[in-house]
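By letter and in written order, the chains are A, B and C; residue numbering begins at 1 in each of them.
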Amino acid sequence: MLRNHPQLKHILSRAGWYLLTFLVAVTINFFLPRLGDANPVDAMMAKASSGLDTKSAREKEDAYLKEFGLVEIDPQGNVLRDAAGKPQRTSLPVQFLRYLGMSLRGDLGTSILQHPKRVSEIIKTALPWTLCLQLPTIIFGWIFGNLLGALAAYKRGVFDRGFYPLALLASAVPAFCVGILLVYVFGITLEWFPAVGGYDDGLIPTMSWAFLKSASYYYVLPFLSIFLIVVGGQAIGMRSMCIYELGTDYVKYAKLLGIRESKILLYMFRNAMLPQLTGLALALGSMVGGALITEMIFSYPGLGMAVLTAIQGNDYPLITGCTLLVTVCVLIANFTVDILVGLLDPRIRAAQAGAR
Amino acid sequence: MGCRPDQGDSSGGFPRSETLYVGGRQWGEPASFNPLLSSPDWPVSGTNLLYEYLLFYDPESGKMEPLLAESYEVRDGEIEVVLNPAARWNDGQPITGWDVKYSYDLGQRYKGIPIAPIWKYITEVKLTDEGASPYPRHVVLVLDKERNNPLIVLDSFTEQRIVPRHVIEPLLANVNGDINELNKLKFDKDPVVSGPYRLSSYSSEKIVVIRNDAYWGNHALYGGKLPAPKYLVHPIYKSNDHISVGLQQGRIDASSSFVPRIWLKHKKGVRSWFDKPPFFESASIPMLLVNVTHKPLDDVKMRRAMAFAINYKDIRELAVSGYSDEMKPGIILPFGLESKYYSEEDAQKYGTRFDPDKAKATLKEAGYTPVWGPDGQLVETHDASGNKVPTVYIKSPTGWSDWESIVRIAVKSMRDAGIDARERFVDASIFWTALFAGDFDLMMNTPSPAPAPSKPWSRFETLLTSKEWLPEGEKMYKNQGRFNNPKAPDYVPRIEELLDVIPTLKDDQALASAYRELNRLYMQYQPSLPLVYRPDQFYEVSTRHWSNFPSADNPYTPPQIPGDRLGTKMLWQIKPVQN
Amino acid sequence: MKLFRGLLKSPAFLVGMTLFLGTLLIAFLAPLFMNIDPHRRVGLPFMPPSSEHWLGTDHMGIDMVSLLVAGLRSSLHVGFLAGIVATIVGTLIGVYGGYKGGLLDDILTVGTNLFLVIPSLIVLILLSSSLEEGRSLSLIALIIGCTTWTWSARAVRAQSSSLRSRDHVNLARINGYGTFGIVMLHILPYLLSYIFMVFILQTATGILSEASISMLGLGPYDSVSLGKILNEAIRNEALTDGAWWAFAPAMVLITVIAFALYVLNTSMEGIFNPRLRK
């Protein structure tokens, strides 16, 4: 059946590949943070046990260890201990299997630092902020950057000579430097925009006019700090792609045939766009990481800060929950772009048809 | 998002002139407002806005002030508190002796809750007027004969949240008395409380409490007035520097976070307790705990050499922006209430101070020889028999900027004097594990920081007691440096005797001489290295939107931020600034 | 050689090279002329620039010029080490897979693409946060190298597989050269200029990555680095106290190095890839 649907076949094979990637990512997510042997329950105990005697402190510790599935339990529900009285830690592979089982049921576990909060609850409140900041910024930055890049490639001359080094510079400045500068100049020195937070402290997020107004006001600086860099990076890529396309045979041939310039430009733009689309998917991954720093600099609500505090406190369930989510988002974005490119690119379409 | 029984105006905003913004007491996302947990979120922890204590402790006068209890009396073998007859829960129920007894008795049943340790010092909570009136108001705590310690019991009056029995008891029955199940309840749906505010809403960005106009204390304690702010909002920022920005831009009205170089912020309306150095009133002593079972720290001469080597002035000027008086030896604060126990004569005679030459001389005298590299930097230290002395590491949590600075300075000064010390910044979780297990050479810590009726005794006890001495690896919540092992040949029983007797002394003369002796022993044995003085909390306010905050010139409450202990009182006194 | 002369004629290359050599000079010559000690207290916190301390002091009263020179050296150290690791790993995987083709190539490609998609900063953070025994500068460089090699592997693979069926490679194969010999003698030399460009980009990535994780407070515990200077300046309120000298110079340095390396890379691309020349 698939023989007659090359596109479907393409989609399915890509889906299979992404599933494999996903599995590897899950494994990495689980094992990397657990490489060090810090025990998160100790941090909880430090908070919970001031003033407890040794015995009751141990009882409390056992309860936590059991809850997080870090130790072996006998059928009566007691923590198994070795000869020295140390609790018997569950081996990592077993923990991993349990974790897989739980994740499949959609259960990401309980946060250790924010005990007894569920990981999914924390993610649910943080995610919208990160998405609202990242998605529009990246998409607008990508469109704007590509337009600028194409323009520069086409016009060359003075415009390009002025624009190109600037774009190069913009892509070389680390995102946090732009963020810090914006905070320093517009947030602290001039006090034009708020330096800290996601909306006015005197508001509660609702779909009200007052809230939206305040949220957009607070949005400006974090938006700019990412936007400028995306524009720079994308423009450079687009510029060299377009220059490359300008020199290809089909453009030369089309010119010889006397096809209208605007039409040639359109072809060229479309062909140059495709690799840029792939670039967008890949860039998404690094930008999610960048979100961490942006959120830190602006004290902006979102996933980034949740990950960071989780990492510092070895909150394994929260770390794996957040990174899993990030990975899934990036994979979905990549997958979508993959499919889009497959549908749009005549070369790939031809290859698919030829494979029949 | 929590429930929202009452929000501000229709747009969900809080009018600025009716809202007080507080910072620095809540760092992560709120998780639970359960009053039985040891560290629930603001404002259950660290304020009397929701749950109240029996008494306030005034660190300026050393006196107790009434809150739920109108009076207390220390007698031989027992302490009595008398509740204010007007005290009410916000559901209208009176606050009774049963509530108080229940709050304490829970600790007898459940060893894991914060009040539990008090049961080492009391044997029973009695209600002496049960049956005589509609409900009992006279509560008597019977002291343990062996560990007779009224100070600890008085401390509990000023820090133990009294919980409503008529709410907790049925909840506990619902879960068959399983405290772990009860601890999972969040108490975030407008819980029954006694304080002047009630929980309104919370999210990862802020916690909001709203004034309870029917608060019993408005009439009983404040002459019928209402607190000025209708809303108290605690925005949750991610670091100290953000709160500092908030204070300077008038987004935060009061905070207890560390703000460096506060004098630069005066022009933006940020004020601290004093307008000139040291700006804050110190109440605690950040120090390096020393594990005296590790080599070479078991040698008192080495410890004293370290104490001579450390540049306390650099620490004061660089790490804490000068918010500290000059460091004196010993662990009695040479100012404020404790100064009456401080002896300058003893300090001169037995104490240590920054003196690099003396540090080097002490090392030499003890047989240590530093080995210097060609660049003038220390390579290692040798002991009397020519062996290399192990490098000592100072542990401190990564990311705590003021502590990091302190440790860097300490390491530098020790190396300059010829002591092979290095910093080791560790993850916070590893830090706490290591602290309790004694897994450190030297470690940053502020023992027993809060002012309390038991000061300075509790500071001594936290550092010196060896009643529950355990070897390294086992957890100790006091004396983590494993000082004064009762089974060791060099055990000093006198220290434990003094710790036992001080809480029972009533005569000032006897008390002063006991403290003097204890501090002298501390200085002689140098079981830890005090570094600098620090306030119990950094009290900072912004005068952009509210006025009449207390300060050293107008000290109608001690330097405690609004809602925190006696700082609660300023809520009835501050005024919105008219624009 | 002709290419090299071409490079010297390219203004972009000259600008990039000048900037880059400039930072190298600062890093390695400054200690000869002045007293660089990033540990010694010379004054009060955040003293403004003066004739004695050209860029003032930081929050610990340490001379900023000393800190910047030391930080620059660390950043270059991290950058080069991470660049070398990433380039070697990426080149080995890319060249080998590209030349060999077949199943091995497929496996290597799948592996590379896998790691290309997983956000490297997240892996970096996870790894560096789980290292208990402190993160030394070199360890961080190694970690960065091990997480950023993927796209160089992909790029190199594409080049090497195009070389596979060239005549001289076929000739070598007929003459009985082993895989190793062919790769070393007949493939790598043709890719050298390309690999060098990859190395330059990887170095820039290394420097920026180190700065990023230092900004997050996961930086090296044993040395000053430009990212750490920034992180400390911000945490100690250089922004609110208006102490621009505590953060601006470090930002400029990071940007200049990254910019110089990018310019170098693109100018070389222009020379090596004649299509772009016009």
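We take it that a residue touches a chain if its C-beta (ideal position, glycine included) is under 8 Å from a C-beta of that chain, and two chains touch if they have at least 3 such contacts.
From a predicted model like this one, the values you see are computed outputs, not experimental measurements.
**Q** Looking at A-C and B-C, which one has the bigger number of contacting C-beta pairs?
**A** Result: the pair with more contacts is A-C.
**Q** Taking each chain's centre as the mean of its C-alpha atoms, give the chain farthest from chain C.
**A** Centre of mass proxy via C-alpha means gives B as farthest from chain C.
**Q** Take the average of all CA coordinates in chain A, do the same for chain B, and state the distance between these two points in whole angstrom.
**A** Using C-alpha averages as centres, the distance is 40 Å.
**Q** Between chain A and chain C, what is the separation of their C-alpha centroids in Å?
**A** Result: the chain centres lie 23 Å from each other.
**Q** I'd like the Å distance between the centres of chain B and chain C, where a centre is the mean of that chain's Cα atoms.
**A** 46
**Q** Residues of chain C that contact two or more other chains, please.
**A** Counting only residues that touch two or more other chains, chain C contributes 129, 132, 217, 234, 239-240.
**Q** At least two partner chains per residue is the criterion; list those residues in chain B.
**A** Within chain B, the residues that touch at least two other chains are 239, 245, 398-399, 427, 430.
**Q** Where in chain A do residues touch at least two different other chains?
**A** Residues 38, 188, 296, 312, 314 of chain A touch two or more partner chains.
**Q** Show which residues of chain A lie in contact with chain B when the two form their complex.
**A** Against chain B, the touching part of chain A is residues 38-40, 42-43, 45-57, 59-60, 63, 111, 113-117, 122, 125-126, 187-188, 191, 194-206, 208-211, 296, 299, 301, 305-306, 309, 312-314.
**Q** Which part of chain A faces chain C closely enough to touch in the complex?
**A** 17, 20-21, 24-25, 28-29, 32-38, 156, 165, 168-169, 171-174, 176-177, 180-181, 183-184, 188-189, 236, 240, 243-244, 247, 282, 285-286, 288-290, 292-293, 296-297, 307-308, 311-312, 314, 319, 323, 326-327, 330-331, 334
**Q** Could you list, by residue number, the parts of chain C that touch chain A in their complex?
**A** Residues 110, 113-114, 116-127, 129-132, 151, 204, 208, 211-212, 215-218, 230, 234, 239-240, 242, 244, 247, 251, 254-255, 258-259, 261-263, 266, 269, 275-276, 278.
**Q** Using the touch definition up top, name the residues of chain B that touch chain C in the complex.
**A** Touching chain C: residues 239-241, 244-245, 248, 259-261, 264-265, 314, 317-319, 321, 398-399, 401, 405, 408-409, 412, 424-427, 430 of chain B.
**Q** Write out the stretch or stretches of chain C touching chain B in their complex.
**A** 39, 41, 44-46, 59-61, 129, 132, 134, 217, 221, 232, 234-237, 239-241
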